[in-house]
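Next up is a structure, given as structure tokens.
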Amino acid sequence: MNSASALSFGRMSKIAARFVGTPSVGPLLVLLAFGLIFSLTNPRFLATQNLSIILQQTVIIGTLAIGQTLIILTAGIDLAVGAICVLGTILAGKLANSGYDPIAAMGLAVLACSAAGVAAGSLISGLRLPPFIVTLGILGIITAALRLISAGGAFPVTDEFLGWTGNTVRLNGFIVTYGVIIMLLLYGMVWFLLNQTQWGRHVYAVGNNPEAARLVGIPVGRLLLSVYVLAAFIYGIAAWLALGRIPNADPNALQTANLDSITAVVIGGTSLFGGRGGLIGTLIGALIVGVLRNGLTLAGIDPLWQDLVTGILVIVAVALDQLTRGRR
Amino acid sequence: SAEEVIVGLVTKTEVNPFFVKMRQAAEEAAKAKGVKLIARAGKFDGDNEGQVTAIEDLISAGAKGILVTPNNSTGMLGVIKKARDAGVLVIALDTATEPADAVDATFATDNFEAGVEQGAYARKALGDKKPVLAMLDGTPGGTVDTFRHNGYLKGFGLAEGDPAIAGSAITNGAQDKGQVGMENLLSKNGEINAVYTINEPAAAGAYAALKSFGKEADVMLTSIDGGCAGVRDVKAGKIAATVMQFPYKMAAMGVDAVVDYATNGKKPSGFVNTGSFLITDKPVEGIDSKNTEWGLKNCWGD
Amino acid sequence: MTPVEPREPVATAPVGVVLEARNVIKRYGHITALDGVDFELRSGEILAVVGDNGAGKSSLIKALTGAIVPDNGDILLDGQPVHFKGPLDARKLGIETVYQDLAVAAALDIASNLFLGRERRRPGFLGNVLRMLDKKGMRAEAERSMAELKFRLPSIGSAVEALSGGQRQGVAVARAALFAKKLAIMDEPTAALGVRETGQVLDLIQAIRQRGLPVVLISHNMPNVFEIADRIHIMRLGKRAAVVSPKTHTMADVVAIMTGAAKFEEPAASASR
Amino acid sequence: MNSASALSFGRMSKIAARFVGTPSVGPLLVLLAFGLIFSLTNPRFLATQNLSIILQQTVIIGTLAIGQTLIILTAGIDLAVGAICVLGTILAGKLANSGYDPIAAMGLAVLACSAAGVAAGSLISGLRLPPFIVTLGILGIITAALRLISAGGAFPVTDEFLGWTGNTVRLNGFIVTYGVIIMLLLYGMVWFLLNQTQWGRHVYAVGNNPEAARLVGIPVGRLLLSVYVLAAFIYGIAAWLALGRIPNADPNALQTANLDSITAVVIGGTSLFGGRGGLIGTLIGALIVGVLRNGLTLAGIDPLWQDLVTGILVIVAVALDQLTRGRR
Amino acid sequence: MTPVEPREPVATAPVGVVLEARNVIKRYGHITALDGVDFELRSGEILAVVGDNGAGKSSLIKALTGAIVPDNGDILLDGQPVHFKGPLDARKLGIETVYQDLAVAAALDIASNLFLGRERRRPGFLGNVLRMLDKKGMRAEAERSMAELKFRLPSIGSAVEALSGGQRQGVAVARAALFAKKLAIMDEPTAALGVRETGQVLDLIQAIRQRGLPVVLISHNMPNVFEIADRIHIMRLGKRAAVVSPKTHTMADVVAIMTGAAKFEEPAASASR
């Protein structure tokens, strides 16, 4: 009967189901709606230069949100995301400034970030401590360590390789930085991992039902560890992108990155309870935040009112997403 | 033997290089005098509760004197009274309390005056161009933020809400947010030719944005703080001028005062202006300024 | 008064014993779920495990498959002691299990659940190097094996949470059947199944036996048990009360032992030896 | 058999089970351990005056954490906790300063806070939006609104009634503020609600299994609404306590209250997935944070190292708690 | 070829019909779970609902109890149309339900789950004003009613997640029995139960009927159904295929209708009228 009624409903409903069922369509529609509204309030919004700027502004949080998505899919949360990224910028900067080969410096920095992921992942998978507390603790530890290392505070990083990701390249009249391209490549690669490999399946399974995952023989601990390490590795890459955008290593940067990246993930339709959602939604979520900030400024809205409007629009965005998915 | 003298230092945050420098200067001074410094800070601009907690802990720890940069001019009054009642010398650094005699003494800069200097310079240097101003604020509502912002407008000769103000953005004094704010403001209005910044990191962010729009030469970008990185940016021509303040002076004087009090029982009093100077290599007539050479000798940070 | 097998642990594994457990104890706080239970699965047989609710059946098979680590006792596979640290260890040795609470990831689709933890990769470069999943192949195989069970399913791409209770159970059973290499253990696999589907699953169990693999079947359905079991292991209060043969004992006998209505100390000639 | 073996285990195990089974014993042991260590490093730590100060320092976050606990028990999260409390201080201060009767001013402020709870609760229960996003949006809206209201920034609040909670009273030689007493009373009252009333049962049920709660006929939406409103009401009371501690209304205050209160809840042993945990643990969790900060300062530890040590000790605290509960 | 009741919807509720549904339709996306089903529960009867997995039994009873809102169709209680917006509405009218997935809060203890949503308050001031729970009373009552079912339970204070599958089901069944005022609906209440416990639950169902309340029993266990049902409602493909009496039909007849092996269009004399 089921297949019969499916047929009677016809292709139409199948296509609709395919789209409505895909969790990132809701956020996409919201993004397009906001884009439309802003382009009406100020035609400059759609200028290629402005669009390219929005993309560039999304690079750091957008990249960090890749790792955050992985972790949230396993029903975890990462409060140390900004701190680990800053660790990367400070180490790379310090090493390069003290004469290391910049490629080696960046490599070591990414390695150090990954090590922070190893620490978080081991505590979470080995001792089964709540990710909230572990990453909060690691946030405190890294923040303090960074202040100790870089006693005097921020310092400029002028090395060409470290800043390379900020260079622009013209694609079809559209100017983007290498940083944007690298971010999009990372999205593509992690999307592939999540959706086309066994590892990705297991990420969803562990987030959706950890006990079932354990019972069917998925090595839950090892999987969690790999997720935290991969995420931290990505934060390390984000550090490189951050140096491209701001050639300055500041131990106090990115303080709101944890909230910002989680926001992108949740607006993108991924559940904080794990196992449901996806990476495309996160990219759209990060763009929604960027578009809001840029669009409201272009619309000439006072920054004090901007926070207010952003607060409302974030709720509206998720409400619209909910509606497009239909009720229960 | 007498107990070790403990000097408490409570800054607004550990985030801002200005306060980092203040703490370092206090540490050096404490070391030189052979006293123990315990430093604490709020977690963010506006963390009154964190500062109150810190002062309470320092009283508990037996501090002889406490140097505090209050988050706002009235927030700390109760706990400061508690400290003074317990015989602790309290000196306000950088920001005065209201009333000013709530503390024993105040060693500070006049932030409003610093803002006026910045604004006056910017207006003069702009010449006869019709000003189109962008303002990169810190954290709205903060005492320092308000003083600098209002001072700038006064010095620039504009009233709040004047149409010449093309827009403003909240940067929290951070470089990344300064950059995003400036980019979006430039997207909105390409005519911007003057930019107020709350501090030098925000100015650095603004410069990066200006540069990516190819406008770095046409815009009068000014700032306040006097960190060495900022002065170097002035020297490199990225920032036209900055107003230097002297956090290390405040801290060192504060530690000295506490030690003096511990040994001689002598309390300082009143408002001591530690001063501010406009730093620029493109002086304009009628406004006092020092060049970057002087600036680099007297700047803070590294 | 029913004649039953003696309960003394055997010193060496008798020939043909695939999986054996001796004196397994498992406590949860002050509850003793397994109170020194013995267990013996012979090659090629269908062994039913029966007992009242809370008798310890599920705890026993969890201990056998590494899902819980017992407080005491030995587990032997082919006469060799094994120490499973988790279900993965048992699975690697070819032991497949249908757990009573099914162990499905409800948000994932049927095919993903069928292959959960046993995903297939594409052949060649895509699979070996990029480790790409063979989604199409798995989907086809899933269709095939669910069709074999004659389950009516909405679509192989439906999330398991959209399935009826019985359909969900079908997915878990099909998974175990598909992957068992050494033996299969099924904890109440037909509890939620309809008459027709129950028949299919019993056929499936017999098909697994035909493949030469022994099967452990936990069930409360005595007619089913008597229909296909070679021997019946009766649990009572966390212990093995008896092992009987359906040929020599009636359902009433089994129920009597299970509920404690019948005594079973006498070392009568074991029907199943 | 089960009851038999329970008896054979004897009273001992029952008593042990009672204690080990109670989720707040772990945090309590951790608190005592930290207290012991700090009293060894500096005898001033145990001075009644110092202990009383730690209690006073816990008042704001400790009170906010009551509401946060309720919300987390329903598997929600509240990012607007600090903003709502600040709303209370600003409104009460503004009204009192503009000539309102201070009791009426405080009452209206608490009412306004509760209204924010109504808004959050309605969006969450009515439209089923994720609490993370709703409260994030409300955080933005209130923060912006406060800056708009209090255009000039912070202002002093000198009214005697509004500051009354900061007055001290001597109990058995132990000096506490009325604020501490009110906080403890609130803990007692909400503990009663959670543990002795139907409403409390339903809070746990909804957090543990919302679908089951719905099916057995618990009015899930109404319950969630009541939780958010009660929590916001408590934040309003916290605003009064905050004015007692700092007679100053500052729109920028309490920015880290969301993270701090969640930390107290999680250290106290309540699960972020809802349905498990309790209020006593939260009080202990808040005290652990306060004791750490105070004790480290008294031990003369450099603030840079303090963050580091706090980061480590927070992880250690939760790990110890995990261990005392025993493995799975 | 089995004689069955005609399927035309009756214009007015026959005397003694307690709960009735007409032409109920429920779609999930492109799946039609209920395809215009009719339903009729008479006063004082035990009505069994049987059907293959996925036939729509659970969907039907969810629609009857407000757990899902059907896309179409009418539901009548005592001949009056009712519109349940949620399970609470049905419960308020005295309809108690055992859902197939049990609807228990696993972290709460047995007594709390038994009284979930129906908690008792203390008498007097404590209960009326402070709204204090009567924890002791509920615990005692829970002990009593679980003992009545002759379940062995670790302790009434255990969390439900620490119970065996059957014990958990026992809790859900005891809850429905305790609170039914108008009628009780049980979706596979004995699926996880042992032989002894199943017997107890069947007795309990008959005891509910003795109290004058009708009971709807969904079950795959034909012997059980034939043992206690007055009438049997057979679901097939989201529709009511037939309603038969166990007195006039055999198990084989019922299974045949259920699986579609037998036709049932002819308006033969209904056995149950």
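Going in written order, the chains are labelled A, B, C, D and E, and every chain counts its residues from 1.
We take it that a contact is a pair of C-beta atoms (placed from the backbone, for glycine too) under 8 Å apart; a residue touches a chain by one contact, two chains touch by 3 or more.
Being a predicted model, the structure only gives us computed values, none of them experimental.
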Among the chains, which one keeps its Cα centre farthest from the Cα centre of subunit E? B
Top of the farthest list for subunit D, CA-centroid basis, is C
Whole-Å distance, subunit B centre to subunit E centre, using C-alpha means? 72
Starting from the mean Cα coordinates of subunit B and subunit D, work out the distance between those two points in Å. 34
Chain centres from averaged Cα atoms put subunit C and subunit D apart, in whole Å, by 48
Taking each chain's centre as the mean of its CA atoms, how far is subunit A from subunit B in angstrom? 34
Multi-chain contact sites of subunit D, meaning residues that touch two or more partners: 1-2, 6, 147, 304
Identify all positions of subunit B at which a residue touches two or more other chains, and write them in rising order. 14, 140
Residues of subunit C touching 2+ other chains? 31, 54, 152-154
Contacts from subunit E onto subunit D in the complex sit at residues 67, 86-88, 90-92, 97, 99, 102-108, 112, 116-119, 121, 130-133, 135, 152-155, 175
In the complex, go through subunit C and note every residue touching subunit E. 28, 31, 51-55, 58, 100-101, 151-154, 158, 162-167, 170, 188, 191-198, 220-223, 255, 258-259
Which residues, counting only subunit D, touch subunit E once they are in their complex? 1-3, 6, 192, 196-199, 201-202, 204-205, 208-209, 211-219, 275-276
Over in the complex, which subunit A residues touch subunit D? Could you list them? 75, 77, 79, 123, 127-130, 132-134, 136-141, 143-145, 147-148, 259, 262-263, 266-267, 271-273, 304-308, 310-312, 314-315, 318-319, 322
Subunit B partner contacts - residues on subunit A that touch it in the complex: 42, 44-45, 47, 49-50, 53, 56-57, 60, 147, 151-156, 242, 245-248, 250, 252-255, 293-294, 297-298, 300, 302-304, 307
